[in-house]
Amino acid sequence: MGDAGEGREIVLDGTRGARTGIPEIVYGPGKTPTQVRDAVVGLIEAGVAPVIATRCSPAQIAAVTAAVPDARVDGPTVVARALAAAADGGGAAPGVTVVTAGTADQAVADEAVATLRAFGLRVERVSDVGVAGIHRLLDRADDLRRADALIVVAGMEGALPTAVAGLVDTPLVAVPTSAGYGSSFEGITALAAMTASCAPGVSVVGVDNGVGAACAVVRWLRVRP
Amino acid sequence: MGDAGEGREIVLDGTRGARTGIPEIVYGPGKTPTQVRDAVVGLIEAGVAPVIATRCSPAQIAAVTAAVPDARVDGPTVVARALAAAADGGGAAPGVTVVTAGTADQAVADEAVATLRAFGLRVERVSDVGVAGIHRLLDRADDLRRADALIVVAGMEGALPTAVAGLVDTPLVAVPTSAGYGSSFEGITALAAMTASCAPGVSVVGVDNGVGAACAVVRWLRVRP
Amino acid sequence: MGDAGEGREIVLDGTRGARTGIPEIVYGPGKTPTQVRDAVVGLIEAGVAPVIATRCSPAQIAAVTAAVPDARVDGPTVVARALAAAADGGGAAPGVTVVTAGTADQAVADEAVATLRAFGLRVERVSDVGVAGIHRLLDRADDLRRADALIVVAGMEGALPTAVAGLVDTPLVAVPTSAGYGSSFEGITALAAMTASCAPGVSVVGVDNGVGAACAVVRWLRVRP
Amino acid sequence: MGDAGEGREIVLDGTRGARTGIPEIVYGPGKTPTQVRDAVVGLIEAGVAPVIATRCSPAQIAAVTAAVPDARVDGPTVVARALAAAADGGGAAPGVTVVTAGTADQAVADEAVATLRAFGLRVERVSDVGVAGIHRLLDRADDLRRADALIVVAGMEGALPTAVAGLVDTPLVAVPTSAGYGSSFEGITALAAMTASCAPGVSVVGVDNGVGAACAVVRWLRVRP
Amino acid sequence: MGDAGEGREIVLDGTRGARTGIPEIVYGPGKTPTQVRDAVVGLIEAGVAPVIATRCSPAQIAAVTAAVPDARVDGPTVVARALAAAADGGGAAPGVTVVTAGTADQAVADEAVATLRAFGLRVERVSDVGVAGIHRLLDRADDLRRADALIVVAGMEGALPTAVAGLVDTPLVAVPTSAGYGSSFEGITALAAMTASCAPGVSVVGVDNGVGAACAVVRWLRVRP
Amino acid sequence: MGDAGEGREIVLDGTRGARTGIPEIVYGPGKTPTQVRDAVVGLIEAGVAPVIATRCSPAQIAAVTAAVPDARVDGPTVVARALAAAADGGGAAPGVTVVTAGTADQAVADEAVATLRAFGLRVERVSDVGVAGIHRLLDRADDLRRADALIVVAGMEGALPTAVAGLVDTPLVAVPTSAGYGSSFEGITALAAMTASCAPGVSVVGVDNGVGAACAVVRWLRVRP
Amino acid sequence: MGDAGEGREIVLDGTRGARTGIPEIVYGPGKTPTQVRDAVVGLIEAGVAPVIATRCSPAQIAAVTAAVPDARVDGPTVVARALAAAADGGGAAPGVTVVTAGTADQAVADEAVATLRAFGLRVERVSDVGVAGIHRLLDRADDLRRADALIVVAGMEGALPTAVAGLVDTPLVAVPTSAGYGSSFEGITALAAMTASCAPGVSVVGVDNGVGAACAVVRWLRVRP
Amino acid sequence: MGDAGEGREIVLDGTRGARTGIPEIVYGPGKTPTQVRDAVVGLIEAGVAPVIATRCSPAQIAAVTAAVPDARVDGPTVVARALAAAADGGGAAPGVTVVTAGTADQAVADEAVATLRAFGLRVERVSDVGVAGIHRLLDRADDLRRADALIVVAGMEGALPTAVAGLVDTPLVAVPTSAGYGSSFEGITALAAMTASCAPGVSVVGVDNGVGAACAVVRWLRVRP
């Protein structure tokens, strides 16, 4: 066998958490189970917290949990060394509400929820409030107002963040998903719609990027270990 | 001068109205003022009604009105031989409400309105009810329910038809417009969003195609002279 | 195991049928068999009719039919509590003709047909009348004229709705499909072509969206239980 | 002034006609009037025939006609040294029919016509036979069958070549145009639709490329001076 | 089981061959083996010739050959009742040369070859003459000139038809393929490049559409049984 | 003249500020000078603050300033009734730093700055720190850390937000601009790049949407009059 | 007047030349004449060489030349403090040949030529060698082999770099241009084609980016003042 | 069985190495194991060096190594007759550093590395220096400066080549990869971003085209056996 891969190294960015508030996150696809495990263990040994790996396959999860038995597994997301509390004063940790338009958006929301909890944030969910039944959203307006921040997840026509941003003054991040019938075009439709929103103040992360939305919230709430 | 254009003819489709309920409509762009005038006059002489020309330049309008003094001009739309009433029973003509998300969608709505009136339909307008202020839409729900049909016009993220379709049971046609800030991409975003709508029962015409939406309504309401 | 999914709920929109004429429809992809079954049962228990689930996998269908033995299964579509008749006067239910360009468009047409029947509409089919053999379409013109509404389904170059709309005055909804050789680009070509139709009065739903087209017809015909 | 342009040369491909049957054609945009004139004169002096310049501005045309007084001007197309006859046997020159869907497609058709005539072909036109009024096309079927070849020009949904190819056995080239309302997307819709045609045997040139379609016909008919 | 598919019919277009010179062709994908077999048998019984089915799966091929033992199978293409000779005068049948840029384009070329032979045409092949080794193409120029028509198949940057069209005067049809490294984008790059060719006279069929290219040649050569 | 525009109304959303923290903003394009003026005056009379109009033409600005002499004009942005201070405790107003990659991004940044100041926020600018000269960015890291929030504006390859998000822990919103040479594709490249950022925590608004980015910051900082 | 633009600064990257071999280049569009002049003068005063400004309007050029009378102007490109010679040994400066497919590609080539000369490189041009007349390219093969590097500029189908890379072993950079008839799509077709080239070793810069191609050559030839 | 594939030939371009410095490379996908083996053996027998086959399946690799036991296998890349040394003077072979943004880009980098080594170049790797942790890149600046050339591989937002090009003066080729979360769109985002780079002198190969990047370096370094 050849050795084109020789000289390959994994260079962990151990100071990213101190620098940016968000430590390096391990992205599963394209890595071997051993690479994922080594990255997670390396970050733990470097004292990083929280340690998060996303989009892991069952084999990658097995490799990690064999080495890190108390890692928490939420679907394809693995978390170790979760922060205990992210309160910024002494009171309760900030609370984030993750809002979804439909059931097909739940997997993306789950990734956001697992990430938020890894950072010690309190999380609530408001589900199935797509704009085709706008009264369901209106009924939950007070819940949305109570949150410190919102993550709004929607596929198809991607209209939910616009409706939410026009209803309450809670800060929010929008996540387009690749869910949908018809002309969703793997999330491009929702991405374009959300960045063209007629409601000012909506900002958007990439398609299906639940972890990215959670990190944006962590930045804005200035969560610190 | 050469004569590549020799042999060019304008072949009017004089029986289209009888066949499809919607006579041939003259589309201004790419025609000389003389061509537009001749097409309009030709349709009038063939007994067609209504005779509609859209997207006409001032020079095209001048050419038409010089030849057809009683043509009605609405912005770039010219109408001759409008139907007097489209009532299908003996009662009042059906009423169509044209709904717009914002002021920038008005020009497209105007084209739809002029076309609907040419076919003898009653028209009302509900303006500025974009989903960023959803209460404005809710306040007008009874008006929307009273209509026989709706045309819903929106640019940007194109969410309004979805919200309307989830609110009332009035039949509707959606029109994406090229209006908008940010990532509207000349209406492609709204077109994709509307055809990906999570509210079943929304059908859509092309970008900025107000006349097409009006014609779809005319078909469904089975307007006849 | 973690619990990012905790707090997930399914919030059925039980009043959507009363509000919009079209009850909530269960979309299979992305849901577990249990979620599909619970949604269907929940809607039945809420008194909704008809109850429709689309794009269901065999496992989802098995879960539903175990709980709802008299549900009707048409390919991947499941229907319970179909409406008995949708006549709006006392006479026969309205009749809808579903027109397809080629055999590859049949699966999308089947979804439309199952949905129309769930709403108690009479359905006929006209198949294989693509514009490459235009005489086949002309031969069926009287059949098309007799219908109360048409659903026109086509992939590839998507020309059929334009030809139909220029031939008869029956109202229609067009459905682009992802079928096709060459440059069909998963239905985008047909979607663009149909929304750019030179025949005014054609409105369009998303790619492969048979259920959406049927719901648009239900809206326009103002079917009521 | 600097001299980045120094060393620029125009290298005419004087043998292209002998090699490929189609001499080099001068494309106006991006050239100065002097460059267009010099290219035309250079080709004439090299004995090339026909000499064709397309998409010329008025200033470019003026420069050419000042130097070549007997050049023939057809809109933005200029032709010198047109072939007298392209008969391949001794009989009449082959006849080509240029078919257009609507008036907005005429400018592209004119470019094709001027090019065909430059090669000595007989040309007829069939206009305004878009598929929204399919009977107009059927009425002209015998005319289409009589031609040695067809050029079929259409914008919007681009359905006309498919209908023609399903109607007659005359060879044809399709030309998408950038004309159109709604979702024509500058001709991309028609280009995609034509290359996805359900009628086998349709081949297509680029958007608005009338001269290219004419040259394809010249190749197939094996026109020779 | 339900019956949404009831009323489905297969309507063969038995007169298409007489009308257009090219009989209906059966497209495999999306059909059951029984549907493919019935369509082939139906066309044979209607006296159609040749009968061609493309892109057939092994199960579809097995179904057809069980019913039509002497059908000829070329990869996924099945042919019955091939024409014996397509000579247009009494001499030899016209000869078509199928040119490919690389080995990855061969499957598309095979589909073209099988179709051409079904119509009784003589076929030769020139392979591996991509423009990155232009001398290989130049070495075969005389072979290309001898043909009555060319089909030029290329993926990647799609440059080969342009080079061929600039080299010889033989008529040609270009076929973009989805083959390629880098930025081929499933054939869109080659399709765009071929329709933007700087060599006038190149016309193009859809991506991977070998059968369509062959049919275009059949039309131009006016093959008749 | 006709009256398709009759019945047009401008319905201001006077309670949007109270509801969402961000009052309705007047978007200039597509409105007459009178419409812009009336909208601005209407919002002022409704007690809204701040009142902002963006992308105004000189004629629109003239109409507004004639009616509202103390309106502040910043390029094409007009502001009336700016908030005096947005401090959320009693201390200084929060400070936002607007970061630009190059001079061509300045106009978008100006829109953001004018909007931030209208809400009473303190603004600083860091200019010309594109990643092609990364040391310029590193030199300003302390300035970036001192801010309460960042708006990062970049065109071309859109890499700056990623670099900033990896350098400091200050919350940020990214704005793609349509500036750029080469393959910027009117900002689509930067939009896609920013939403695909490898730095978690970057959220993005639409192309050139400076006002939207400012409003997102206002939401997150929970500015209140 | 307001002051959103206050605080704007121009931060020149004076050490970029020392760091990367290529000093900061001033890009005209989106800057005022004063900004362009100040940037050019600032770079001169900082001792940078060469100083290059691209895509300048006549007003920008006038502003620069008023302040820097000996600046050299080549179309829209302005150069000051050009390097005298870039020889890397003591012999002649390296020679670069700029190859163009057609006349419409000349403006992009001119930008490359002016930039190369600013760095003291010798430049030759080979023009009008598009692949539609491949013999013109073959005739110049020795000229191409003699060069130290090639810049190959082409629009339309963008095939020229592939042909050149298959013909000679001289290193090359390809530049797609937005020139072209048909389906060039503003250079996207050529960009995609060049990056999908079947000839290994072709690398590509952005659409119309002549200056970028020249800078790539400067890097590879390791030109130093 | 039919014989559409008859007449197929593999025409090796045995002189390409002498002509262009880079011999023909065998591309695995779309070929049978036998075809790959025959192509490799044929090139070896023609005296070509090096002989490289890329993207080979295990079956293709098995076929090659059975026939060529000493072929070197690096993942899906197979190399025979690698060059011993590519030194251009007598000293050491030039050294190329392959830089990757993240682990997901490694497979593309491996293809580049195996190709570079086949040509006898020395290779080093710098891994995991994505711009989200820019200090990791700065720490390696001296390593980058020491190289004779760089290949910079990145997916997602594709910013790394811009940062590298602004940091050091080493010549470089950029490779976009299809790796990434969010809105990477299979590498199109990175491709567009790299060709829109604000750092002049970056040239780019196609998506995931590691072998193409290596060949570009081989050309520029003028490696000769």
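Here the chain labels run A, B, C, D, E, F, G and H in written order, and each chain numbers its own residues starting at 1.
Operating definition for what follows: a contact is a pair of C-beta atoms (placed from the backbone, for glycine too) under 8 Å apart; a residue touches a chain by one contact, two chains touch by 3 or more.
What you see is a predicted model; the values in this text were computed from it and never measured.
The set of chains in contact with chain C as well as chain D comprises B, E. The chains that touch both chain B and chain D are C. The minimal number of chain-to-chain contact steps leading from chain E to chain F is 2. Among the other chains, F has the CA centre that is most remote from the centre of chain E. A straight line joining the Cα centres of chain A and chain D is 56 Å long. Rounded to whole angstrom, the centroid-to-centroid distance between chain F and chain H, based on C-alpha atoms, equals 44 Å.
Once the centre of each chain is set as its mean CA position, chain B and chain F turn out to be 35 Å apart. Residue numbers of chain A whose C-beta contacts span two or more other chains: 16, 19, 102, 132-133, 165-167, 181-185, 188, 191, 195-197, 199, 205-207, 209, 211-212. Pairs of chains in mutual contact: A-B, A-C, A-F, A-H, B-C, B-D, B-F, C-D, C-E, D-E, D-G, E-G, E-H, F-G, F-H, G-H.
Those residues of chain G whose C-beta lies close enough to touch chain D in the complex are 72-75, 77, 79, 102-104, 106-107, 110-111, 113-114, 117, 123-125, 127-129, 132-133, 135-136, 179, 181-185.
Interface residues of chain A facing chain F in the complex, by the touch rule stated above, are 16, 19-22, 25, 149, 165-174, 191, 195-197, 199-207, 209, 211-213, 215-216, 218-220, 222.
By the touch criterion stated above, chain D contacts chain C in their complex at residues 101-102, 130-134, 138, 156-159, 162-163, 165-167, 180-185, 188-190, 192-199. Chain D meets chain G in the complex at residues 1-5, 7-13, 15-16, 24, 27, 29-31, 35, 39, 55, 188, 191, 205-209, 211-212.
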